[in-house]
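You will see subunit A twice below: alongside subunit B first, and alongside subunit C after that.
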Partner chain A sequence: MVIPYVRGFFKYRSLLIEFVERDIKTRYRRSILGLLWTLLNPLLTMTVMTVVFSTLFRSNIENFPVYILSGYTIYNFFSESTNSAMNSVIGGSSLIKKVYIPKYLFPLSKVLSTVVNLIASFIALLLVMLFTKTTVTANVLLIIFPMLYLFLFSLGIGMILSSLALFFRDIIHLYGVLLTLWMYLTPLFYPLEILPAWTKVIVQINPLTSIIEYTRLITLYGAIPPLELNLICMIPGVISCAFGLWIFYNTQDKFILHM
Partner chain B sequence: MKKKLITLVLIIASVGLLYVYNTFINRYYNSSYYNVEITADVSEVVFENSDTGRTINIQLNNNSRRILSSENNVYLSYHLLDSNENLIEYDMPRTSLSKINPFNDSIFPMNISRPSQSGEYIIVIDLVEEGVCWFSDKGNETLVLRTLVQ
Partner chain C sequence: MSDNIIEVENVSMRFNLYKEKVDSIKEYFIKLAKGTLHYEEFWALRDISFSLGKGDSLGLVGRNGSGKSTLLKLLAGVMKATSGSVRVGGSVAPLIELGAGFDMDLTAKENIYLNGAVLGYSKKEMDGHFNKIVEFSELEEFLDVPVKNFSSGMFARLGFSIATVGVPDVLIVDEILAVGDFKFQEKCQDRIQSMLKGGTTLLFVSHSAEQVMELCTKALWLDGGKMKMFGEVSHVCEAYANS
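Entry: the complex of A and B
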């Protein structure tokens, strides 16, 4: 099952790169600031959220700009990558009908192109850390680990969604609602400790919570996250990727009938 | 048949991983806030005749998810026992702590007062959340130092 995918991946990797480049170029085509928006977007969102939560809601979380931006960056990547992966096969239907291309390249390229935004957001986060005089230690390089866990998790969910969306188009609309719920169940602008016990259980199970926790330990506190937190972040990624590949593999032959 | 077998293996493996996931989630998020490793740069404290007090360096490794600081009412202190481990004084002077972030460590100089009479003593280094509890009452390990007063 896996070997043809690996072979196909190497055979079609130039096409994959082409897809990723095309995605990035199309995203910022005709905009004056272009790729600079990848930096500006998280910075502006962080500014809005910091103003709203520190003046209107009077949040007393220490170093709120870094706190909010570290969470927002993770959630935003997940939301953006899964959303674009979900529509990727439907969007590529004209190409799929004409020539043979491994179909998994579509969701994979969408998630990979969003990684560019994620990297830019982390640069923005680093700038905010320097601006807010947060102690920046060498441990900040560990950021590669939450990025990897998040990539795996998002890719798996993206592949599941891209298959399901072909068979049930309603999922495209439903997923928007689900993402809103998911956002509130992710501790982006509130600490876990303020939640009542029953909500806390749900929020803790949410894989994004642990990935954000990991990112905050590195950025806010310059800490080396414990091994068990690495496992907590890794397991959902592995499961979602395995299921994503499995569902995609078992449904891809029927894609053409639903395009 | 092969497809069904792979699906079954995938489901069983996922259930197993989810069980491990849940165990780690509980361990990580519900672990005690009172989880600090205490070490010192000496294994025993000796008071010479002229000493009125001794300063030792205490290293605190904050293994919890919260920030430890005297601003949050957490202080370093100790209990004084005689050589037979009978309690002499439970509440000894406090040492203020500057901020220790989660999963970080820091070293604090701690002043130990000289006991009034010469002899052998035991001091038990502990942390206290003022008005709440001693960390040792919540299961956190203390640091025991043999003390000799000449």
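Entry: the complex of A and C
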């Protein structure tokens, strides 16, 4: 049963590459700075947030620029990739109605093309670390692990959303609100310690929290994260991905009837 | 395994026609609670069976809404039948609405690769096909122009050239030969003829019995989703024309 899918994936892998390339090409097609924006975007946002939080609201987190950018990088990937994956199947309806192509290519390609932004944001983070004289250790290379966990988690959520949004278009609007709520429940610009007990529980259940914690451990503190933290980050990723595939697989034949 | 490249057995396709389109959660639950989530069943196709061998060409005739396009979509693998089985042994190149796979912001050159990938060609294969596509479409000068600036005729030329560059086992053509100028139409017909000689099976939909007679050896007449007649093209077309 699996073999035809593997064969299908190989047959259409160049289409996956074309989709990803198209996304990246069209995203910055008309802008003068082009791909440089992927680097500038996180840097500028980080600057704004640092200025806001170090003048308006005094926070006593040390090395705030690195603190905020490490969290923001993770959250931003999640919000961007799931959002574009959510709209991907609807956006691909003109194709889906005419030609047979594996439908999971749409959300998958969107999440993959957002990885380019993730890598650029990480480079921006490294630049900020150098600029703020944070000690950079070889442990930053461990970043591929949280990136992988984050990728799996976002892909799963993205697949669920891309399927549901087709049946109920209000999901698109609802998710925008949910993302804002999600942002505040992620420790981007506050430390976990300041939260009252009941919110702390929610924030700690949030899978993004542990992925951000992982990222901060290797960047801000140059440490090697313990094995438990790897598991805590990986398990939600695997569950979300499996659940996403299951929903997508079981609904994909009905997609065309709702386009 | 038989020699048939296409086997369609007792295929039926049902659509649920909702009285009103329900695509928001609120509406869905309100209607569900009130028990007013009614829909009507509509059978677009009922109990269709036929088979085609290699090199056969089938013309689908019938009035609007008789289920021709639905049948093509089932054969292209775009939809799944409600019941019955569709078996297509080989590669399918659909020519349904040319340019469906084009991205308006990309140039013609980029779209050739994109559309080729949609049809399942690898990048390497497309490198080999690229010149043939450009030559056939006669769009050499416009390769770096975003396709949103193309005319519909240019669209059709590019789409046709890409879809027919390989030698697919099955070619699906849904009334697209009416686009492009006369000369290009002739060129398209020639290419289809040469593909037929090469063993490609053709599925062709048209309102025009003449075009069907010209290209096809067999014909299937659909009426209200049911098979009215299947057989030699001259027989079926004659009956259809006299109906």
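By our rule, the second predicted complex is superposed on the first by the 254 of 259 C-alpha atoms of A that agree within 3 Å, B and C clash if a C-alpha of one lies under 4 Å from a C-alpha of the other, contacts with A are read in each partner's own complex, and residues count from 1 in each chain.
Here is the rule we use: a contact is a pair of C-beta atoms (placed from the backbone, for glycine too) under 8 Å apart; a residue touches a chain by one contact, two chains touch by 3 or more.
What you see is a predicted model; the values in this text were computed from it and never measured.
Peer 1: Clash or fit: what happens to subunit B and subunit C when subunit A is overlaid?
Peer 2: fit
Peer 1: Pick one for A:225: touches subunit B only (first), subunit C only (second), both, or neither.
Peer 2: first
Peer 1: Nearest 10 degrees is fine: what angle do the Cα centroids of subunit B and subunit C make about that of subunit A?
Peer 2: Given the fit on chain A C-alpha atoms, the answer is 150 degrees.
Peer 1: Could you say whether A:167 touches subunit B, subunit C, both of them, or neither, answering first, second, both or neither?
Peer 2: second
Peer 1: In the overlay, answer first, second, both or neither for which of subunit B and subunit C A:136 touches.
Peer 2: In the superposed model, A:136 contacts neither subunit B nor subunit C.
Peer 1: So in the superposed three-chain picture, is A:235 touching just subunit B, just subunit C, both, or none of them (first/second/both/neither)?
Peer 2: first
Peer 1: Identify the partner contact of A:253: answer first if only subunit B is touched, second if only subunit C is, both if each is, neither if none is.
Peer 2: second
Peer 1: With the two structures laid over each other on chain A, which partner does A:217 touch: subunit B (first), subunit C (second), both, or neither?
Peer 2: first
Peer 1: After the superposition on A, what does A:40 contact: first (subunit B), second (subunit C), both or neither?
Peer 2: Neither partner.
Peer 1: Report, in whole Å, the shortest distance between any C-alpha atom of subunit B and any C-alpha atom of subunit C after the two complexes are superposed.
Peer 2: In the combined three-chain model, subunit B comes within 18 Å of subunit C at the C-alpha level.
Peer 1: Name the residues of subunit A shared by its contacts with subunit B and its contacts with subunit C.
Peer 2: none
Peer 1: Quick check on the complex: what are the subunit C residues that touch subunit A?
Peer 2: Residues of subunit C touching subunit A: 15-16, 23-26, 28, 73, 76-80, 92, 94, 96-97, 100-101, 103, 105-106, 110, 113-114, 117-123, 126.
Peer 1: Enumerate the contact residues on subunit A facing subunit B in the complex.
Peer 2: Subunit A residues touching subunit B: 1, 62, 192, 200, 204-205, 210, 217, 220-226, 228-229, 231-232, 235-236, 238-239, 242-243, 246, 250.
Peer 1: In the complex of these two chains, what residues of subunit A are touching subunit C?
Peer 2: By the definition above, subunit A touches subunit C via 11-15, 17-18, 22, 25-26, 29, 94-101, 167-171, 253, 256-258.
Peer 1: Within the complex, which stretch of subunit B touches subunit A?
Peer 2: My answer: residues 3, 6-7, 10, 13-14, 17-18, 20-22, 24-25, 27-29, 63, 67, 101-104.
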